[in-house]
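You will see two complexes here that share chain A, one where it goes with chain B and one where it goes with chain C.
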Partner chain A sequence: MSRAAYLRLATLLLVWAAWEALARSGLVFQGVVPSSLTVLASAASELGSSNFYPHLWRSAEEIGVGFAIGSAAGVGLGTLMGVAVFLGRMAHPYIHVLAPTPKIIFLPVLMILFGVDIGSKIAMGAISAFFPVVVATYDSVRLVPPVLLRVARSFRASRWQTVVKVYFPSMLPAVVTGMRLGLGVAIIGTLLAEIKLSNRGLGFLAIQRYEGFHIPDLYAVLLIIFVLAVAANIAIGRVADRLQRRHVISRRTPSR
Partner chain B sequence: MAEYGRDCRAQPFMTSGHGSAQASAVLTAEGIGKRFGSGATAVTAIDEVTLSVKQGELISVIGPSGCGKSTLFNIIGGLITDYEGEVRIDGRRVSGCHPDIGMVFQEESTFPWRTALENVEFPLEVRGLPAAERRQRAQQFLGLVGLTEFADRYPGELSGGMKARTAIARTLAAHPKILLMDEPFGALDEQTRLLLGDRLSQIHRELGQTTLLITHSITEAVHLSDRVVVMSYRPGRIKRVVDVDLPRPRSSEIIESEQFGHLVASIWHDLREEASRGLAADEASRRSS
Partner chain C sequence: MHRWLAPAAGFAVLVLALAALEWAASVGWVSPFLTPPPSEIAAAGWRMAAEEPLASAFFSTLGVVLAATVAAAVMGIPAGWAMYRFPLLGNAYENWVAALFSAPLILLYPLFLVLFGRGPLTIGMIGFLSGVIPVILKTYEGFTAVPVVLVNVARSFNLPESALLRKVLLPAALPTVFTGLRLCFIYTTINVVGLEYLVDVGGLGFMVGLMYDRYDIPAMYAAVTFVLLISMLGFSAAERLERRWGRGA
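And then the complex of A and B:
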C-alpha cells in the first residue's frame, strides 16, 4: 500500500474511533449518535429483510433510467453543438448558466409534468446527469486535435467515418469523465426527490426511519446508500481509467 | 469544423486541358501562391512556386521556419483549396485530396486510441478492405519501418521516432504513387534522424515512390534527395535548386565525404541569409506583440 493509502485508512479509523468514543461517552444522547456496532447491526437487519429490496430496486431503476436518458441526451446535444458551430454559439451560454444551478429547484415543475410517482424521479435523475455530460461532450468535440482530422481528410474518409473513427474515440475519455460526474449528481437528484415526496425508494426509506425516530436504522440506510454510491463510482471510474490509459499522448519532445 | 466541412469526396479531381510539363513529371506545381488574411495584416506565405517531380525522384524542400513549406505541402496534398496556380498529377489538374497522394504530417499524428497496427490499418478501413487483408497489409508496412515487435503498442508507449515511423507506415499502406512528407522527423534528435533517414532511403529504394520531403535539416536534405529546393523567406519563393549527384545507394556515412560537405556548405550559403531574415522577423513580431 502507498503512503497516501495508509493515511486514508488512518483517517477513516480515526473518525470511527472518535464516533465510537462520542457514542460511549454519554456526552450526547444515545439516540443521536448510536454506537457504530448498533448501526452495523441495523444495516445487517435492513439487508436481511425482504422489505428493503423493493426500495433498493426502485431507486436503482430511477437512477439507472434517468442517468441513461440524461447521458444520451447530453452526448447527442453536446456533439451537435460541437459540430454545428452555430448551434454551439446559441446553446452554450444557457447551458453554462444552468449547469451549476441546483436541479432540485425544478422538482415542483417535474412533478407537475411527470407526476409525483416514478416519472418525476426519473426526470430528476435525467436533468441532473444531462448537464455534466453535455458540457464535457461539447468541450471534447472542440479538443479533437486538428491534425487527426486532417489525417482523416487526406485519406478521404467520409463524414460519417470521420465522426465514428476520429471524433468519437477522441472524445471518449472526456465524455466518460463527464458521465462519472453525471452519475454522482443523478444519484443525489433522485434521492432528494424521493426524500421530498415519494412512497418508495432508498430516499423514502431514510426519511421514514427519520420520521419514526429510528436513528440507528436511519444511519444504516445512509451507510448502505453511501456504500452503493461509492461502488457505482468505482465501477465507472475503472472504465474511465482503462480508456484514459490508451489516450496518454506523451509530449512531443526531442527523443528517440 | 470548417476544415472538416470541406469533404474531400465532394470534390474528386478534375481534368482540365493538357499537361504542359515534361512527360516524365509525375507531380507538377505551377505558379503556386497563397496569401493568408487581408489588408495590412495579410501575409504572402508563398509566391510563384513552380516545381516538377519526376517518376521515382526524391526532392527535398528546405527553408527557414515560416517560409511557407507546410503551406505548399497542404496545397499539393489538397487540404488547402483556395490558392493561386495549379497542381498537376500526370499532367492532369487536381483539386482536393487525391488518392494518388499520401501525406505524412509535421505534427504528431498517430491516433492515440489505436495500436500501431490499428493505426496503419486506418486508411485500409476507410477503403473498406476486408479485415484479414487489412491486417496482413498493415503488418507488412509496419515491418517495412521496423516496428513488427511494437504492433500491439499504443502510441503513448512508443518513442517519438517510433510514432513518426508508424505515421509513415500508415501513409505507405494506402499505396500512394506520390509521397508528401512534412518534416516527418522534425522533433527528433540529429542522430536518430540520420538513422531513420537511412531507413527512409531504403524504403524509397524498395517502393520507388515519387517523394517530396519537406525538411529544415540541410544534412537530411542532402543525405536523402536527388534534388534540393531552397526556399526564400517572406515571400516563400524558390531561391535555388541544387542537384545532389552523390552516388546511390547512400547511407548516413556519406556525411563524412568531402562532396557532401561541399553541398551542405553551398546550401547553407544560400539559406543563411533567409534564415537570418526569418529570425529577425520572428524577433520583431515578438517584440511588437
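And then the complex of A and C:
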C-alpha cells in the first residue's frame, strides 16, 4: 500500500473515531450525533423493511423520467443550436445565464403548472438535467473537427447524414460527460422537490425522519441516498471513460 | 451578418413570446390564475418592491453568500496550496475532493439543521461547504500546472519559500484560482437561495416560498424573476471580474 493510501485510511479512522467520541461525549444534545453502529443498524432496518421500497421506486421513476426528458431535450436543442449557427447565437445568451441559476426556485412554478404530485418532480428533474446537457452538446457540436466535416462534404453527405454519421459520434464523449453532470443535478433537484412537498420518495422519507426527530433513521436514509448517488455517478462515469477511449482511438486512425 | 443581429433576434423572440402570453391570457386560452399575464407580473413586482422588504431580503441573501464565499476562499486557497506543497496530501486527497465536487452535498441539510439549528448558520455552512470544494480543487490544479522551469529558476536564485509563493506560484496560478472563486460564488449562491426556499428562512429564496404560500401567483412569478435577475447579474459580474483580474501576470 502506498503512503497516500495509508494516509487516507488513517484519515477515515480518525474521522470515524472523532464521530464516535462526539457521540459518546455528551457534548451535544443526546441523539443529535448517534453512534455509527446505530446508524448502520437503522440503515439495515430501512433496507429490510417493505415500507422503504415504494419510496425508492418513486424517486427512481421521477429521476429516470425527468432525466430522460431533460437530456433528450438538451441534446436536441444543443445539436440544433450548434448546426443552425444563427439560432445558436440567438439562444445562447439565455442558456448561458440560466444555466448557473438555482433551479429549485422554479419549483413553485412547476407545482402550479404540473401539480404537486409526481408531475412537478419529473419536471424539476427535467429542467435540472436539461441545462448541463444542452451546454455540453452545444459546445461539442462546435468542436467537431472541421476535417471530418470537409470529408463528409466531399462525399456529398446530406445534412442528415452529416449529423448522424459525423456530428453524433464526434460529440458523444462530451455529451455523455454533460449527461453525467445532468444526472447529478437531476437527482439533487428531484429529491429537494420531494423534501419540499410530497408524500412519497426518498427525499420525503428523509424529511419525515427529520420531522419525527428519528435522527439515526435520518442519517441512515441520507447514507443510502449518498451511496446510490455515488453508484449512479460511477456507472455513468464508466460509460463516459469507455466512449472517451474509443473516441480517441478512432480519431487517431484517420488523421495519421 | 452583424454581430448584434442574432442577439437582437433572440430578444425579439422573447418579447414576442411575452406578448403572446399576454394575449393568450387576455382571451382566456390559458388560465390567468396559473399563468398570469406578464403585465400583471410586472405590476406585482412593483407592488412587492413597495410593500415587501425586498431590499433587506436581497442584502440578507447577499450577506450569507459573501460570508460563505470569503470563508471558502480563506480556507480553500491555503488547503489547495498545502496539497501542492506536500505531494503526499495531494496524492491522498485529490480524488476525494473531486468526488465531493459531484456529491449532492445540499442533501445533507437536514443533518445541518439538526446540528446548527434552523437559521442562517445552517444555510451559510452548506453554502461554504459547497463553495470551498471548487476553490481547493482549482487552487491545487493551478499550482500543479505552474511550469517547473519557473520554479527551478526561482530556486536557482535562492528565493525563500514565501517569495517563491508570492512572486512565482501565485501569479502563475492566479487565472485558475479565479476560476475556482467564480465557481465557488455560483455554487454558494445556488445552495444558499435554494436552502432559503426549502427551509423558509432568510432572504430571496424565502420570498418565493412566501408568495406561493399566500397564493399570490403573480407576485410569486415576480419573485422568481427577481431571483433570476439577481443571479444573472451576480454571475456576469463574477465572470467580468475573472476576465479582468484573473489574466495572470
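Everything that follows uses one rule, which is that the second predicted complex is superposed on the first by the 234 of 256 C-alpha atoms of A that agree within 3 Å, B and C clash if a C-alpha of one lies under 4 Å from a C-alpha of the other, contacts with A are read in each partner's own complex, and residues count from 1 in each chain.
Everything that follows uses one rule, which is that a contact is a pair of C-beta atoms (placed from the backbone, for glycine too) under 8 Å apart; a residue touches a chain by one contact, two chains touch by 3 or more.
Since the model is a prediction, treat every value here as computed from it, not as a measurement.
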item	value
First, second, both or neither for A:Arg89, with chain B first and chain C second	second
Partner chain in contact with A:Val166 - chain B first, chain C second, else both or neither	first
Contacts of A:Asn233 with chain B and chain C, given as first, second, both or neither	second
Touching partner for A:Gly64 - first (chain B), second (chain C), both, neither	neither
Partner chain(s) touched by A:Pro102 [first = chain B, second = chain C, both, neither]	second
Which superposed partner A:Leu149 touches (first chain B, second chain C, both, neither)	first
Most chain A residues touched (candidates chain B, chain C)	C
Touching partner for A:Gly119 - first (chain B), second (chain C), both, neither	neither
Common interface positions of chain A, toward chain B and toward chain C	none
Chain A-facing residues of chain C, complex	1, 5-7, 9-10, 13-14, 34-35, 88-89, 91-93, 96, 99, 102-104, 106-108, 110-111, 113-115, 186, 189-191, 193-194, 197-198, 205, 208-209, 211-212, 217, 220-221, 224, 227-228, 231-232, 235-236
Chain B residues touching chain A - in the complex, by the definition given at the top	1, 3-4, 6-9, 77-79, 97, 99, 101-103, 105, 107-109, 111-114, 122-123, 125-126, 154-156, 159-161, 174, 187-189, 191-192
Chain B partner contacts - residues on chain A that touch it in the complex	82-85, 145-159, 161-162, 165-166, 169-170, 172, 245-250, 252-256
Sites on chain A touched by chain C in the complex	2-5, 7-8, 11, 28, 32-33, 86, 89-91, 93-94, 97-98, 100-102, 104-109, 111-113, 180-181, 184, 187-188, 191-192, 195-196, 203, 206-207, 209-210, 215, 218-219, 222, 225-226, 229-230, 233
